[in-house]
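Two complexes are shown next, each including chain A; its partner changes from chain B in the first to chain C in the second.
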Partner chain A sequence: MNLRKYLKVYKKFLHTSLASELEYKTNILIDLITAILSLTGSIFLLSIFFKNNGIIGGWEFEQALIIQGIYTILNGITNTWFNPNLTEIVKHIREGTLDFVLLKPIDSQFFISLKKINPSGFLEIMLGFFLLIYCIRINQINLNLSFLTLCLITIICSISILYSLWFFISTTTIWFVKTWNATEVLRSFLYIGRFPLNSFSFSLRIFFSVIIPIAFITTIPSEVFLGLSQIWKILLEIIVAMLFLFSSRKFWLYALKFYSSASS
Partner chain B sequence: MISNSIKSKIYTLFKVQYSNMLEYRVEIALWAISGIIPFFMLNIWTNNNLNESINISDVMLSRYFLCAFFVRQFSVVWVVFSFEEDSLMGKVAPYLIQPLNPFFRYFAQHLAEQITRFPFAIIIAIFFFIFNPESLWIPNLGILFLSTISTFLSFLIQFLIQSIIACLCFWTEKASSIERLLFIPTLFLSGLLAPVVSFPEYVKSWIYLTPFPYLIDFPANLLSSNATNVIGGFSMQILWILLLFPIFKKTWSAGIKKYSAMGS
Partner chain C sequence: MKKNIIEVRNLSKSFDISLKEPGLKGTIKHFFRRQTKSLEVIKNISFEIKEGEIVGLLGANGAGKTTILKMLCGLIYPSKGSIIVSGDLPYRRKENFLKNITLIMGQKQQLIWDLPPIESFYLNASIYDLDKFEAKKRIKKLSDMLEIDEELFIPVRKLSLGQRMKSELLAALIHKPNILFLDEPTIGLDINAQRNLRGFLQKYNKETNATICLTSHYMKDITSLCKRVICVHNGSISYDGKLDLLLKRLSPVKEILIVCRSEKDAIKLENSGFSVKNKTKNEITIKVENNSITSSLRTILNNFDIVDLYINEPPIDEIIGKILINKNYDI
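And then the complex of A and B:
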């Protein structure tokens, strides 16, 4: 592993994919409007929920907004990195161009997970940050160093879990070739990350923390923001994140053994 | 003679598309699963007793969301994505030579997919009733008939809107981002996530003039026998179809004049 080489390659990736994406300037504008509307829509939905009941799953409206902020950031990250690259992986496998990736003197997972970038997701990430800053003000959270590091750690863990989930599904492409709809399933499950885990019934809560750990992705970082999270939960999230990263790596290497090129 | 040839045209079109769709059973099953968001929403509603203030009992609300799931399953439209791919790959040119508007092909594709999807939707509904046996009911034939028609009209409205957007492919390469933008109000205002009755007054005052509540809320209320204005709903659906159809015809004829084949 040569870190400098990888950084240099990544810079090139950034350059080429930004250049090609900026061709579609109006698209970026439309994506920004989409992100704003989508956030407005989910705040609207939350306000409907909270109109009928002051507290949902132990969360007040102002606190639930933090979850929305974190979800928006993570969704932005998904749209910036995970989604465009996943599309590429499917294409690579269907058209047999994965051969060229495997032949390159560079780690294949690195190449296919970071090759592309979609700049319109940045705006969504920024939107999420603005919402978070607003939430910090209205919830009167005082910032200090330990708080910020904890937030950073949990968010990085969430990103790792999210990445692993996406990468797991894209890896299955090697067997199933078309995984478009599997990602749709993941997307719809991720949607519940917009709401506090405690607002669901017990069985769903178990499902979303054990089988698909969506609970970890947004709820735990939001609890850290509010200073409500116990230390064991944070540790658990770190362990889960590492487990996911590790197994998605192993799974990719295992799947590659089954890769037989398409007619090329 | 002419009617015979039209009949055989329709028959062949459906037969081809149906066998085509049967090839992708697994994907369609996954797609059906990805539509289960209404059930998560139901879980939030009933788990937090949010429905008390809108005077809908748990049972009626669960029927509503089940019907919303059904209506959504049979009104999903993706014509923009197919058309965008076809036009980017230069497949539209051979379609244009044929004595058949290419949108008939997409239309048949959608209907064939709905037929393929039907058994999966039924299986999901059976699971729903296993978990919520108290909400089991059998709608009478008249209601079943009316709601099938209204679901089909809802599908038609969405198909027309998306076809208009798809025609924009003739001017810009990526029309699908406009579709994603339009999907956001559809998601939040159609009643998929919360019944329109629960919306605040300032939204309810204008929302019934837009097509959104007639996409899911109206057919779902009809099917689950919740209170709804049957005649008003149907007339608004038909009105929107009558309004959208000429717009589609105009953009289509303007579009093909603009069309220049790519890549073939």
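And then the complex of A and C:
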């Protein structure tokens, strides 16, 4: 893979999608307002849960805010990259425009996963970071290199798991043609990630860890933030992330053999 | 002698299609228990295309033209048989192969809708690893050939269909492909835009010696661009050869309308042994075989007092129409 070429193409992707989005200023403004309201609403909801009972699943409100911060960052990443690109796969397949992607001398997964960005998602990412910085202060967390490295690794793993799940579902469009609902279900599951895993019953914990590993996505990075995480959990998240990335890639390449293109 | 750039041997393609009975009952049945059937859309076809050739794929809707085109460019895996395009197996979609071909579809677009075409051109240039200087040079050359200038800087959504199609062509040709696959490139365009596009393709073929393989329902595209046609009927090739030969075989006679000086001359001509189609006063229409046109005209001009004459070719759409509906004609 020619890294220089891919960086050049990605620069062009950024340029063209930003230019496309900036054509519609009002839309961006509405998205920004939605992001602020959504974060405020989530924190308010969380505070209601913790109002009567100071601790849920062993987590205090200030600690649970970390999960909310990580969730906000991930949701921002979802809105910036996953939503505009991965929902487009369904459209590409239904309308047959995937033909143009497949005939380009560039990796098709790279192309369809990163071609567009939605700049309003950046605000969410920033809000998530501010919330995390605030949480570091109120939870009196010591910042050091190993702490930051572990945080970064677990967040990258979370992003990889989320991306792979979404990409996996979108790929099934090659057979089922319409899978909008499935990606919506995934987004709904992601909302679950705003709450600590321990606050759920044992069976739900198993479901959200093994079947749909949403719990890995927010809980483990949050535990790292609070210094509560055990090394085996971090290693497990790394393995799960690599496994998901690898299998979603293989699944895409396998599915393309069944692509029949839309009729003209 | 020119070498083969496309070689297709015993190619077949089957698709699984789902069958649905009409009505609510059929819909419910279809939802719970989908019945599928394997449909062979391409049946054991073989052909070759030489470097620099322009070949037209002719066939009715659903005959399999687009499926052939998509297999040739590597989008669809063949079920049986082999395809070699420019020395490669298309379905592997290797980088060098993809840099050598392009697919243009009249009904689908790759340009970014909200931005001017120039943005899509530079994006494509980066995908094809062209530097800015080279990309600029090629955009200039192609835009001159396509006679577009200001349109490059207007958002695609505001361009007319003709301007959009020209821009689509530019986006698809920026990497100087040697093989062009065109699927109904002139669909929906007005007559002038169609003519311009055909002119451009001719010029491009002449200048770059690119091989062009196209499908079109507009006969003018086929007659003005393709010397050779491949007729596809229900997934099989029913004719592969020169277009003029096909037209001659399918329409062996021409009609000549003769305006005589007087009605008396017309009657005399009517009784002189020609096959008469119709006669009104001093005008008479006769049918003459293609191979005896010259001798017949000489006889008429030497022996009859005529004012004017017109040679009418039978409408090409009518002739091609015969191919599209009938597989078993003798050619």
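As a convention for this text, the second predicted complex is superposed on the first by the 264 of 264 C-alpha atoms of A that agree within 3 Å, B and C clash if a C-alpha of one lies under 4 Å from a C-alpha of the other, contacts with A are read in each partner's own complex, and residues count from 1 in each chain.
Basically, a contact is a pair of C-beta atoms (placed from the backbone, for glycine too) under 8 Å apart; a residue touches a chain by one contact, two chains touch by 3 or more.
Remember, predicted model here, so these are calculated numbers, not experimental data.
Participant: First (chain B), second (chain C), both or neither: which does A:Ser20 touch?
Facilitator: So A:Ser20 only meets chain C here.
Participant: Touching A:Asp31, do we find chain B (first), chain C (second), both, or neither?
Facilitator: After superposing on A, A:Asp31 lies in contact with chain B but is clear of chain C.
Participant: So in the superposed three-chain picture, is A:Leu102 touching just chain B, just chain C, both, or none of them (first/second/both/neither)?
Facilitator: In the superposed model, A:Leu102 contacts chain C only, not chain B.
Participant: Considering only the touch criterion stated at the top, classify A:Leu253 as touching first (chain B), second (chain C), both, or neither.
Facilitator: A:Leu253 contacts neither chain B nor chain C.
Participant: With the two structures laid over each other on chain A, which partner does A:Ile138 touch: chain B (first), chain C (second), both, or neither?
Facilitator: In the superposition, A:Ile138 contacts neither chain B nor chain C.
Participant: Report for A:Ile239: first if it touches chain B alone, second if chain C alone, otherwise both or neither.
Facilitator: neither
Participant: Chain A residues in contact: does chain B have more, or chain C?
Facilitator: The larger set of chain A residues in touch belongs to B.
Participant: Does chain B (first) or chain C (second) touch A:Leu45, or do both, or does neither?
Facilitator: It touches chain B, and chain C stays clear.
Participant: Would you tell me the residues on chain A in contact with chain B in one complex that are also in contact with chain C in the other?
Facilitator: Touching chain B and chain C on chain A: residues 24.
Participant: Within their complex, state which residues of chain A touch chain C.
Facilitator: Going by the criterion above, the answer is residues 2, 5, 8-9, 11-13, 15-16, 19-20, 23-24, 95-97, 99-100, 102-106, 257, 259-261, 263-264.
Participant: How about chain C: which of its residues touch chain A in the complex?
Facilitator: Residues of chain C touching chain A: 15, 66, 70, 73-77, 93, 95, 98-99, 101-103, 105-110, 112-115, 119-120, 122-124, 126-129, 155, 183-184.
Participant: What does chain B use to touch chain A in their complex?
Facilitator: Counting only chain B, the residues touching chain A are 24, 26-28, 30-31, 33-37, 40, 43-44, 47-54, 172-174, 177-178, 180-181, 184-185, 187-188, 193-194, 198-200, 203.
Participant: For the complex, give me every residue of chain A touching chain B.
Facilitator: 24, 26-27, 30-31, 33-34, 37-38, 41-42, 44-45, 47-49, 51-53, 56-57, 176, 178, 180-182, 184-185, 187-188, 191-192, 195, 199-201, 204
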